[in-house]
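Naming follows writing order (A, B, C and D), and every chain is counted from residue 1.
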């Protein structure tokens, strides 16, 4: 803090008498360029929407909002799980807080190879990192939204020809020990749908994905369960939540399913994000 | 205007010396409940997002924003084309303007009957009314967004079984003389797609729509052209724009087509919305 | 179910061997006109986005999506808390489920009187009803988003003149016994901010709200705590969550605060929405 | 094109008998990482939403959607005005088209220095490039959305203390000869508002921006006109459109103004984007 600042009154530091602690206070929807680890190319440049919050004890009037951005400017360019916890530690120190959260949402790209023509193109996925520290305890959830194709088993079974199909978004959140690549979650989902999506498909590829989808019909229930079965085989995963939303091509509303891994009582002993 | 107000300085009324007239100035994104004419049920209640603007001559510093809301409060509950032009006339009078615009966007509902079970349910469409007056000249564009099902002719032709299909939004804008019902535009689009959508379909209906779509494959190009052919047969329609956007079920991006009725040079003599 | 339907295979009813129960499955983002209770005018017409889900035991392949819409068509026009639980009971019966959810989000209007001119205009708020039943146990959360004006206490304290201020959205969720009007939550929030908002303000009103806001500076922390203090005095409220988000007029990101009433451990015994 | 593809029928290439040419057909909302020229740092990595379309003569059934993505994969990583016209030329060649459009929308970052503390932080702006070719004629529009602070002159004039202020978005579109930097447009707008925004402000900076804004009150009309006056002095600019939208802190709706440079009749001789 420089001299000019010291002379100005520090309104936030005043004593508060309402006796109401604040669970989370900070900044939301700050857009910021970041560099994320990438299994295939070491890292990739992307743009994140960032929120950073801490708890505020009942006796303080306010937190110091500018410090969040200062910490981000100092540490935020290259993002991985460890660097996020370093940011949280600095947030706790600079803002005298016990609990700290950082949430980043960003598009993430992967090169996909078309199934027959073998032409390559980039596919985009939406990813969210949510890291939290409470004193020294840590919690981390990685969320990946994977768009896929789903073909309706009922429509196929009852119709002489064809079957309605559509784009759907499968949202997978996981807690894990060690490391899980974004790409592993994408694979688990894409293998669970009627077919995966590509930015570039030539006619021979379009034939392939059309027929593959027709041979693999799935309801929202099926794609969720198939994904869960694959997540269960990934040893590092401790907890998962799988949501499927189909933009039904016969309705103007969506079909939806949600599966969460464990019962809530066990979970809340260990999972800090839900508590602070 | 009451006495208290008269004593306060009127900043907006000051003379402006920058010599820059303003094309449009007013309010945007005011949410407001309205009553709209409905072919089948006389009228329906819905919620609109409303914008109202006028031009401002170069010698005035500002318009009087509160008058837009006053005029809306007085006139805005029951909306039809005539009432919109009454509102525009009042805007021109109260705000000393030559050009005036009002734009309303709202969801609109229609009861649809499932094709086999004959069960009824409500389908939602998005509608926009854009009315403009320049001195005494009038212009009006009605836009209807109709969600439909499209099944890919290429995918059907090249594949042993199945064909990719998806939800698409067809956006039709029309200028017309006399009257055109929102329902007529919806019919023109729904008859032009692979199949129309329903909120409620039993299994026998699902079989019907699946097979109907398979028998009627359309590209974005086809659904646009089919719609244009139907609009051309509607005598009252003077101008149209048709956009088709397919939420492709094999890609994470969309397919898009746009057809506009006449060449721009002719159009701009008559069509005031584009000029002021 | 009619005869035609009986002859078609019921794919959803098939036995599933993956042994994975589904927490929630159903329909999402169905737009639908509803009639909501209103303290001042008995009821008002509005448009809701609706989601309806049930649980699905591990041995069933799928739920029957069309039944959600059938139940809504039969019961959904006039919405209040009791009618929502009737819908949930019917969902549990028709879909053989233990847990059932219905969520409705809709704009809600209230006539406000300008502070000096006494002119009346409609203000819009966003409301969410989330009702859940697990067997016979019930849970209900009402959420109201109240837009307000917040003026920064720090900016006022350190500046010779003026103070930055902005629009903010305060999101209040409550569980309660007996009845709480939407209007009561709105009042609690509007009294807690620097000033409340109006659609129609004449100059004498604008002077009033400007000066009122300057005399009542609040951080996101303050408006949250002030709201909590008012909610605590409302005897019927059993649980609350208050979020404040300021669209800061000096930044392109937002300031955010969140206060939740009780610790998580107690809560999860009683609050069913969080568990199913 | 490989052998497998040649054997599959080319549905798009079929003759169409409806006699309706299509103005624009192609792909929309493809998310894609790009590298953009940056005045201060040579270039920056960002993520664009991309649309690419061509016209389609009346005698063809459809365009070939995969070629857009192939062309983008080959040419699209490093974007500047010249490279966009190279892409358009390739689109015209590969798709046998006369008219071609490419539109890219992306966040763009600039390092800003806080006015007193001199601390640096990144500010985000939204940018759109729209390039079009018709045969050999070219047209290009650059759009920059600049968020600023606006303080109401009326509120200041009529109130004993304070003045309502808020975040506003100023959207500037320009056609130009030679070169115009994104940074030049940002400067023109930020100098025209009550104050510009920063991601990082310490207390001494907050005092500065609060007082600066209070000394420079502007309506939406003023910030638009001020921006136009600055654009008029930039010799390279041939055409401009300036929109101002204030997220009013005393209303839940917005104030809006729009100024466009020339009258429509002149414009349409030269400006190709509007015609094809």
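Note that a contact is a pair of C-beta atoms (placed from the backbone, for glycine too) under 8 Å apart; a residue touches a chain by one contact, two chains touch by 3 or more.
Note that the structure is a prediction, hence the values are computed from the model and not measured.
Visitor: Please work out which of B-D and B-C is bridged by more C-beta pairs in contact, and write that pair.
Guide: It is B-D, judged by the count of C-beta pairs in contact.
Visitor: Would you mind checking which chain's C-alpha centre is most distant from the centre of chain A?
Guide: B
Visitor: Counting shared numbers against all numbers at the contact of chain C and chain D, is it over half, same, or under half, different?
Guide: Comparing the two copies, chain C and chain D contact each other through largely the same residue numbers, since over half are shared.
Visitor: Rounded to a whole Å, what is the gap between the Cα centroids of chain B and chain D?
Guide: Computed from C-alpha means, the inter-chain centre distance equals 24 Å.
Visitor: How many angstrom lie between the CA centroids of chain C and chain D, rounded to a whole number?
Guide: Each chain's C-alpha centroid was found; their separation is 35 Å.
Visitor: For chain B versus chain C, what separation do you get between their C-alpha means, in angstrom?
Guide: From the centre of chain B to the centre of chain C is 29 Å.
Visitor: Listing for chain D: what residues touch at least two other chains?
Guide: 8, 30-31, 124, 154, 158, 199, 201, 203, 207, 252-253
Visitor: Chain adjacency by touch: line, ring, star, complete or other shape?
Guide: Shape = complete; every chain linked to every other.
Visitor: With touch defined as at the start, can you tell me which chain D residues reach chain A in the complex?
Guide: Of all residues in chain D, those touching chain A are 1-2, 4-5, 8, 10, 30-33, 44-47, 66, 69-70, 73, 107, 109, 116-117, 119-122, 124, 199-204, 207.
Visitor: Show me the residue ranges of chain D that touch chain C in the complex, using the header's touch definition.
Guide: 123-124, 147, 149, 151-152, 154-155, 158-167, 195, 197-199, 201, 203, 206-207, 209-211, 213-214, 247-253
Visitor: Tell me, which parts of chain C touch chain A in their complex?
Guide: Per the stated touch rule, the residues are 8-9, 11-12, 16, 18, 20-31, 51, 53, 56, 61-63, 65, 153-154, 157-158, 219-222, 224-226, 228-229, 245, 252-260, 264-265, 268, 274-275.
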